[in-house]
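Next, two complexes with subunit A in common: one pairs it with subunit B, the other with subunit C.
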Partner chain A sequence: MVTNRINHKWGMVVDLDKCTGCQACVVACQSENNLPINTKDSFIQRRAYEWIRIERYWEGEYPNVKARFIPIMCQHCENAPCEPVCPVFATYHNDEGTNVQIYNRCIGTRYCANNCPYQVRFFNWWEPKWPKTLRNHLNTDVTVRSRGIMEKCSFCVQRIRRGELTVERQEGGKLDHKTMGERNVLPACVQACPTSALTFADQGDETGPVRKYFDDVNEHEHHGDRTTRGYRLLEEMATKPNVIYLKKVDQFPLTNGGNHGG
Partner chain B sequence: MSMRPTGKILVLAGVGLVVTVIVGFVMAVVLISWFSNPPFGLGNAPPQPIAFPHTVHAGLPADGGMGIQCEFCHRNVTKGEAATVPAVEQCLFCHITVGGSTESAIAEISLLRETTEDGDPLPINWERVHRLPDHVRFVHEAHIRFFTAPDPNIIRTLINGEETTEPLTVQQTCTVCHGEVAAMSVVKPKAGQSLKMGTCLDCHRENNVPTDCTVCHK
Partner chain C sequence: MQEGTVLPAQQVNRDLLRSILDPPGWFWPVVALLGLIVLVAFGAAGYMINRGLGVTGMNRPVMWAFFLTNFVFWIGISHAGVMLSAILRLSKAEWRRPATRAAEVLTVFSLMTAVLMPLIHTGRPWRTIYWIYTAPFVPYDFARGIWPNVRSPLVWDPSAIFTYLTSSVLFVMVALLPDMAVLRDRTTGIPHRIYGMLAMGWEGNSRQWKFQIIAGILLSALILPVFVSVHSIVSWDFSMTVSVKSWHSTIFAPYFVIGAVHSGVSAVAFVLILLRQVYGWQNYIRHEHIDGLARLLMFVATAWFYFFFMEVIFGFYGREADEIALRSFQFTESPWNIWMMIFVGSTYFLPMAIWLVRPARRNLWIMSIACISVNIGMWLERFLIIIPGLARKQMFTFDWGTFRPSPVEIIIIFATFALVTMLMLLFSRVLPLIPLYDIKEGDILKTEIQIGRRTVPATFRED
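This part shows the complex of A and B:
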């Protein structure tokens, strides 16, 4: 029964050592969440929709050069800078630890996007359009956002809800880590990742795959004290994201020193 | 000095009266359309391409119906989000042999049988009667499970504030929001039943089930 469901606290761990920058997560997200197709123009105008994006950094000088990738999605911050600035409570923190965007409440002030340090909120400047052949590919679980609405990664809340319902219907049970694993109740990006660089699980689950990283990062403020490779993006802003990144382990570091170019 | 109204004041009063009437009319229209669902009952019972009397199919045998359960045709209602309208194949499952007894029934059923293309039945464009906005995902299955669960410890509050510990049948659950469809020859929404978010929230609060936005808005 929905009435006695577990109160989850979702968390994601991104292992940068495993990320190959293949963009499978980007494509999966795009099709799962009814994102309109980005055109060249929308990229040039910096109005492209990418709920998850791969940022690429070059290290070193040609030919002695290495590409570094970092997938960035909504960080679902505990102290989210986007939440207090919304005048209509269209974005808020729910009891599952995720930062929720309610499209029908949104009036499009764009304050949240301006206050987000991770640049992961996207404003619908136009009515979304799909080629005719793609109209039937839309996900019926996800609202098609109209013009004037802010949107962002939702940790695929529709998949979690569907998972809860399926477990309830078939077993009369609750969605916990075990049933999640059996039924693949995962965000689209996590499911699509060929190298399993992304891990999604309940932080409250003692034996879950993300718990130890969150414990470590929460307990040790300084990177040096940490026993895992975990860190958060822009940690100095104290936004306390529910996404943790694991540092890349470079077996063969560049000898000529890192040069972070765009 | 006489207090007889001058022409100018009469004109002003007339203009004021007209403005008041117009503003009042607009406000009345806005308020009625806000509180009635659908506005002014427009499109309440849209004409269907084929007359489908629920009385004959779902009505009790005592009332001259077949007593077919709701979920026999609306198959997905206990399995998923949408209740779903049955495929034509399912209508033909019976109507390949059942031809109707009255003249009008025979005409409608032959209409159903003739909507085929190379022997395959074509889908019928039924008109939608109950409509929710696109940003709401109402899950029929979860609601039916809650009201039909055989657990006597759950106190279930119906939409009209009635409390019951007895599990309902699927048919009874449907009537909570949809009214007595089995007694309708033309389907229309339950009279006076709002399907606005406030109604959903009232029921969710009374039954102590989650009211998080992401339960319905995703």
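This part shows the complex of A and C:
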């Protein structure tokens, strides 16, 4: 435990104009967070674990088509619909602005998953299994979840904790936004993204890379007023996610047949 | 014209206690068969708990399915008890008399079956017992700073259901007191002692009768709010879910309550017909009683249909893309559209067509078909609310899904019906399913009065 905690408010910005749908984030997340291997069966049964997933949407009619990609992970909503419905407080909001899941308190009612509009909560329908060769690759910083438990993206909380510990214990530094920013604490998906479509930082950091997007979206209710390309997923549900998506109105819209791009 | 004859008290006792003192030969084989089905289901549940919930058909968008459908269904059936005994008692409907006990007992057993469902549903029952089911009874694990989340409908649920279960058991026990005493006086040995203990020193003096009647009326009045709240709270499990478009509706509480009465009263009518046939209680469960239930059901069914219709109208009225997508899944995509048609037809149109015709109301076979049809329909109603809502949750079409039940789920669902039947049969073996004293009281109060040239049945009361 760090002694001198500062109040973080973590946030992520996803630039959809940069996303190529390469799924590197999905793989990174899979290995960082001890997710079981998704077999063909688990996809057929619709029980695949993807704490971050790339949703692919086709736009337009052949041959005039475009593929659109949206990486969707837990949005860490300020007004998270999943939180009030859990009868045992297995999911709650911590003071760092993230939505956390307590695995050993979860009883598996799956109410939170029903109430999540982004469908980013995953239930362990089976006892998770890994091939023998992968047993030694499990991340020791992350709990291995047993069956009957709900799990989801944690913004790689283990990396945040390790960053804090490194600053305070190893470097003997003072824990503040500056030192934490220099540590460059990144979730696995952000680290792995080859096009830097994902940005992760502290919203409290005035000079941080995500602050201006959150300020813009928080201050301007309507998309038309915004100075950045920012928007939130399902904004009309007033869940106030801590993840912001950036999307420019399409410069090269489909000329005929397709829907309006953007 | 009075239907049925007023029999001497000894005859009433002999007839109604026949199931206990002189049980029919088919009794144990049937109970054994039902018990076998229940055991198989316990095996299936054990297999599921051992292997994980993966053996069910549930998947990512459809996280709640058959078990919760069945839970809501049995909670619904349990609403018959209060409807028939409390409401009809307070409104002094005389024809309720033979139906009350069966309805109350069905309430208790269907509630007990219903509370099994969430246990199975979570996959690790011991945790659910520890965190949820003990919440209304024993102190929570406060010492370790652990609190239940009172904002969650899943905490309201056990509170409401266990309140209902407690009050229903009390209600049955109070009504049983005089009959326990009758049994105490007609048995010997250990049964005599047990009945004696349960009769709590009932002698049948006027003071005891007064208390028993006051307790019955008080409990009827006190149970009414619980009656409304239980299924409202069960419906809030769904309507508090902001993310599922078709669930998040303010109409759900009254819609569910009236639907519960609909299925519950139908179930009681069917149970009464069965009892009449198997125990030969033709003189006690008469056509007029079934007829009365059918006429009550006509009102209930129409009220239910109004709510159903409004729910659909509200869905379309908003014209939101996700709601329309969901309704189109419900109403146009196979096989859901076929289930939808079966559901509406069997819940409303088929039984209404039967109930509107007096000879059909008085034909027990046709009435049985109507009652079973209502219950099939009401089961499908919950199914068609739960699954399509989850399968088409939001406009993220990438995450749309569907549901296909696994054999484990189907076995467990069927076994709950066997379980309730078995419990009802076992109850009829130890205690009378038709209240002796209530029948006798009705016989005493029964009279005929002249209105003009016609003689009509009437009930004479002093109050």
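One rule holds for everything that comes next: the second predicted complex is superposed on the first by the 243 of 262 C-alpha atoms of A that agree within 3 Å, B and C clash if a C-alpha of one lies under 4 Å from a C-alpha of the other, contacts with A are read in each partner's own complex, and residues count from 1 in each chain.
Rule of thumb we're sticking to: a residue touches a chain if its C-beta (ideal position, glycine included) is under 8 Å from a C-beta of that chain, and two chains touch if they have at least 3 such contacts.
This is a predicted model, so every value here is computed, not measured.
Of the two partner chains, subunit C is the only one that A:V85 touches; subunit B does not reach it.
In the overlay built on the shared chain, the residue A:L165 is in contact with subunit B alone; subunit C does not reach it. In the superposed model, A:D141 makes contact with subunit B only, not with subunit C. Judged by the touch definition given at the top, the superposed model places A:N99 against neither subunit B nor subunit C. In the superposition on chain A, contact of A:N114 is made with subunit C only, not with subunit B.
Here subunit B and subunit C are compared by how many residues of subunit A each touches, and C touches more. By the touch criterion defined above, A:N34 reaches neither subunit B nor subunit C. Counting contacts as defined above, subunit A residues 105 meet subunit B in one complex and subunit C in the other. For subunit B in complex with subunit A, the touching residues are 79, 81, 133-135, 137, 139, 141-142, 145-146, 149, 151, 154, 207-210, 212-215, 217-218.
On the side of subunit A, the complex with subunit C involves touching residues 45-48, 55-57, 72, 81, 84-89, 105, 107-111, 113-119, 122-127, 147-148, 234, 237.
By the touch criterion stated above, subunit A contacts subunit B in their complex at residues 1-3, 5, 92, 94-96, 98, 100, 102-105, 140-144, 154, 157-158, 161, 165, 168-169. The part of subunit C that touches subunit A in the complex is made up of residues 51-54, 58-61, 63-64, 118, 121-124, 127-128, 131-132, 146-149, 151-155, 237, 240-244, 390, 393-394, 396-399, 401.
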